[in-house]
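The same chain A turns up in both complexes below, where it pairs with chain B and then with chain C.
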Partner chain A sequence: MEQQLEKALNEFASQPETVGVLLANRQGLCLGAKGQINPNVSGIGMAISEQVCKLEPNLNPPTICLYSGNKRCIIKKDGELTGVIYKQKPN
Partner chain B sequence: MALISNMEKLSNQIGYLLLQDDGAVIGSGGDLENDERSANIFMELLHLAESVDDNFMPNSSCERISIVYDDHSYNISMSNHRIYIVKLKNAPRGGTVYGLTNNGSNVVFSESETSGVASILT
Partner chain C sequence: MTDEVKKYFNGLLHKVNGLYIIQVTDRDGVPLLRVSQDKNVDFALMPSFIPTFATASEQAGKLGLGRNKVIISMYSNYQVVQMNKLPLILTFVGGEHCNTGHILALEHQLDAHLEDIKLAVNEA
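On to the complex of A and B.
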């Protein structure tokens, strides 16, 4: 299980412009992180995804993207897992 | 309220909300007409998004948020103590639909062809 998680994290982290990536469980606890991302972000990432899911509870969870200058924070919930990806465009 | 009419003119727009930064609804239309429930959810979301990670994004630096579902998206943009929220219908796959305002105003909504993620360019 951990090997698969590690593999998934490595795959995400190798995508273009990716700075950091983490996966959280349903309680908002960090299952694993890769790159420059604070594992404590799992809690707030989870909270944001839960909050957005209240908008249209009957639909599948959406992809959330927060933009700040050349940086993006992408949050996506899928079943038990919530993923948080940090991306940064080169200046 | 020129900005409301700009939001209304977007070709793929199916709803909009204009909020004061304290959450008061200034204008609304389409699917989001008088939608106080969604307005409250957006306000709580903005509060959460203020402090995600100070090391990556400085607190309160987040200028826009997009929430993308399979066939529609919500796009939230903050400017001048106002919060602009537009619900857009996604463009059909393979094609790009640009929701441009006719008068060349400074708020332009577009659909990225490659990622399928709707974005607001200001």
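On to the complex of A and C.
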């Protein structure tokens, strides 16, 4: 049943510099995670996305990018799904 | 002490979208701390509500998956997240679209703030 989801997660995880990826449903619960990412991040990722959406409520949900050292966290909400991707630049 | 803890829980209540009540009780359902928004969700205070969770959690622990930590109950208008932190029981009541994942992520942060209440309950 989750084959499509697994396929999508594998595809995201195989992108360059990606170290972890997860997908959350509209309740902020983790649907699936791949790589070095804590599934508990799903709820907080979705909360960040909801807050940022309030900046421009009439526009589509934006892509959020949080920078920290050589790591990046990218959050994107699309309909009922929210994706969180961790990227890390090689040293 | 209580004021600080209450302030912290009040902060949490406003951080999580659609969360109406956070209630800390002992295992018998005796309320120890309660913060709420102006929303009438009194069913969470029903005398049978908390002990039922305690029993359900105890039974769930017998499924062979380890100790039960959290029970999430989804209703048509509300959702209730109950955490087993014996001797305390935490009850979160939110709307049906409330961010459940966010409530669950709070679990680890809460422990430090519950220490004093736990101590008081253990001594009583």
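Assorted remarks:
Note that in this section the second predicted complex is superposed on the first by the 90 of 91 C-alpha atoms of A that agree within 3 Å, B and C clash if a C-alpha of one lies under 4 Å from a C-alpha of the other, contacts with A are read in each partner's own complex, and residues count from 1 in each chain.
To be clear about the criterion, contacts are C-beta pairs under 8 Å (C-beta built on N, C-alpha and C of every residue); 3 or more make two chains touch, one makes a residue touch a chain.
Fair warning: this is a prediction, and the values are worked out from it, not measured in the lab.
In the superposition on chain A, contact of A:Ile85 is made with neither chain B nor chain C. Within the superposed three-chain model, A:Leu9 lies out of touch with both chain B and chain C [touch as defined at top]. Contacts of A:Gln27 after superposition: chain C is touched, whereas chain B is not reached. When the shared chain is aligned, chain B comes close enough to touch A:Cys73, but chain C does not.
Legend: residue contacts after superposition of the two complexes on their common chain; A:Ile64 is shown touching chain B, with no touch to chain C. For chain A, the partner with contacts to more residues, out of chain B and chain C, is B. Shared-chain residue A:Val52: touches chain B; no touch with chain C.
Of the two partner chains, chain B is the only one touched by A:Ile37; chain C is not. In the superposition on chain A, the residues of chain A contacted by chain B and by chain C overlap at 41, 44, 47. Interface of chain B with chain A (complex): residues 38, 41, 44-45, 48-49, 51-53, 55-58, 61-70, 73-74, 117, 119.
Against chain A, the residues of chain C that register as touching in their complex are 15-17, 97-105. Every residue of chain A that touches chain C in the complex is listed here, in rising order: 24, 26-30, 40-44, 46-47, 50. Interface residues of chain A facing chain B in the complex, by the touch rule stated above, are 19-20, 36-38, 41, 44-45, 47-48, 51-52, 54-56, 59-60, 62-69, 71, 73, 86.
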